[in-house]
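This report concerns only the one structure given below.
We just call them A, B, C and D in the order they show up, numbering each chain from 1.
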Amino acid sequence: MAIEVLLFGQLSEITGADKLTVTKASSTVELVQVLHKQFPNLALANYKLAVNKVLTEGNTVLKDADVVALLPPFSGG
Amino acid sequence: MAIEVLLFGQLSEITGADKLTVTKASSTVELVQVLHKQFPNLALANYKLAVNKVLTEGNTVLKDADVVALLPPFSGG
Amino acid sequence: MAEKKKQTVLMQGPIPASFIANSIAKHSSKTNIGAHSIFLGQVRTDVVENKTVLAIEYSAYAEMAEEKFYHIRESAFKKYDLICMHIYHSVGVVKAGEMSLFVFVSSAHRAAAFEACREIVEQIKKEVPVWGKEMFEDETHVWKTNT
Amino acid sequence: MAEKKKQTVLMQGPIPASFIANSIAKHSSKTNIGAHSIFLGQVRTDVVENKTVLAIEYSAYAEMAEEKFYHIRESAFKKYDLICMHIYHSVGVVKAGEMSLFVFVSSAHRAAAFEACREIVEQIKKEVPVWGKEMFEDETHVWKTNT
């Protein structure tokens, strides 16, 4: 199992990466735990999750090859 | 005494003129009576009056050299 | 406040896209601007009594119209937090597909630009002594009415 | 309805005034249009903690952003009586005074164009995954926040 994680804006700065692969995460809650353990500062940041380009709230089950994006507050325009 | 009368849009078509001079009119009511007598179709038209570029309602006293404009409904833009 | 100086709004003939582009380009030095709201009025090929409008010939009570435009500008500057504003309205013949009205409002933030632009356009339609003669292909015409 | 086809909204670098002029000029053949409402977002020299913003570097989650822009377009076409609509948003560096957002809405009558344009701009600011990095003269930066 491999979840592709995309990081944008200030989250790329915090983690030093704009793309990661996480192999052990069956849900978004698990994924976030893995990431916060690896990057403690990420826990302090404000962001939302999108699974396969759709915003999710609450816990979402993940399957192999899902793409999870960590999105800081939008500031386009 | 001479009042300058300006006519715009469809009112110029009705009267065949875009400028007239009326010598005997001490108020806008009198002026309108003179004009309606001279151009009966004007009485059927919808218009407002401006005295010296300011819209007037009701009767307004006129003095020599005043400019009275007959303004059909605006349709700019 | 140099922007508030009296400008001439009425211009002969249609307003070209290049004129609009130049107006926009001139604002790149005003780096306190964050939002531009632009309205363009374009002449439509309306069908009136089965006849198609080819052009509108605009006429105006020019002196009174310029005073009204000036008053509309002043009121908008008082009411909204604007950086600059430009208004142009055609007189003479403007063919279908060509532009007859250009309202250009700039501010630091979008709300003021949007609201002022809309209000200005509504006021122009209602308060400014300009008339449009809708000209048909058979050389007849009707006088435009604003809604 | 050819206008509703999927377009690419994100474009590299600032949006030039000449690009805007070309977009406007292209609409002269659509003689059912009576009103264009245009919004332009321009990069401001904001002062943050005593430092002046020289430019904003925009980045996006491009695939998701294009889907969101598409959805915003579709919704506006459903809700308002529009003839056509174009949206462009910069990615990459846009200097102060340059344009980063261009929303262009056209309809037969002004109300639809005005209302749709404003709603689209609000939705873009709120719903589209784009981020602005405000770059200062001393090469530090902060991340822009939308209000």
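The rule is simple: a residue touches a chain if its C-beta (ideal position, glycine included) is under 8 Å from a C-beta of that chain, and two chains touch if they have at least 3 such contacts.
Everything numeric here is computed off the predicted structure, so don't read it as measured data.
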Remaining connected clusters, assuming subunit D were absent and nothing shifted: A | B, C
item: Where subunit A and subunit C are represented by their mean Cα positions, the distance between them in whole Å; value: 49
item: Rounded Å distance, subunit A centre to subunit D centre (Cα mean); value: 27
item: Subunit A and subunit B: spacing of chain centres that average the CA atoms, whole Å; value: 73
item: Overlap residues in subunit B, where contacts from two or more other chains coincide; value: none
item: Per-residue overlap in subunit C, given as positions that touch at least 2 other chains; value: 41, 121
item: Inter-chain touch pairs (all); value: A-D, B-C, C-D
item: Footprint of subunit C on subunit D - complex, ascending; value: 17-18, 20-22, 24-25, 27-45, 96-99, 106, 108-110, 113-114, 117-118, 121, 147
item: Residues of subunit C touching subunit B in the complex; value: 41, 58-61, 63-65, 67, 89, 100-101, 121, 124-133, 143-146
item: Subunit A residues touching subunit D - in the complex, by the definition given at the top; value: 6, 8-10, 50, 53, 69, 71-77
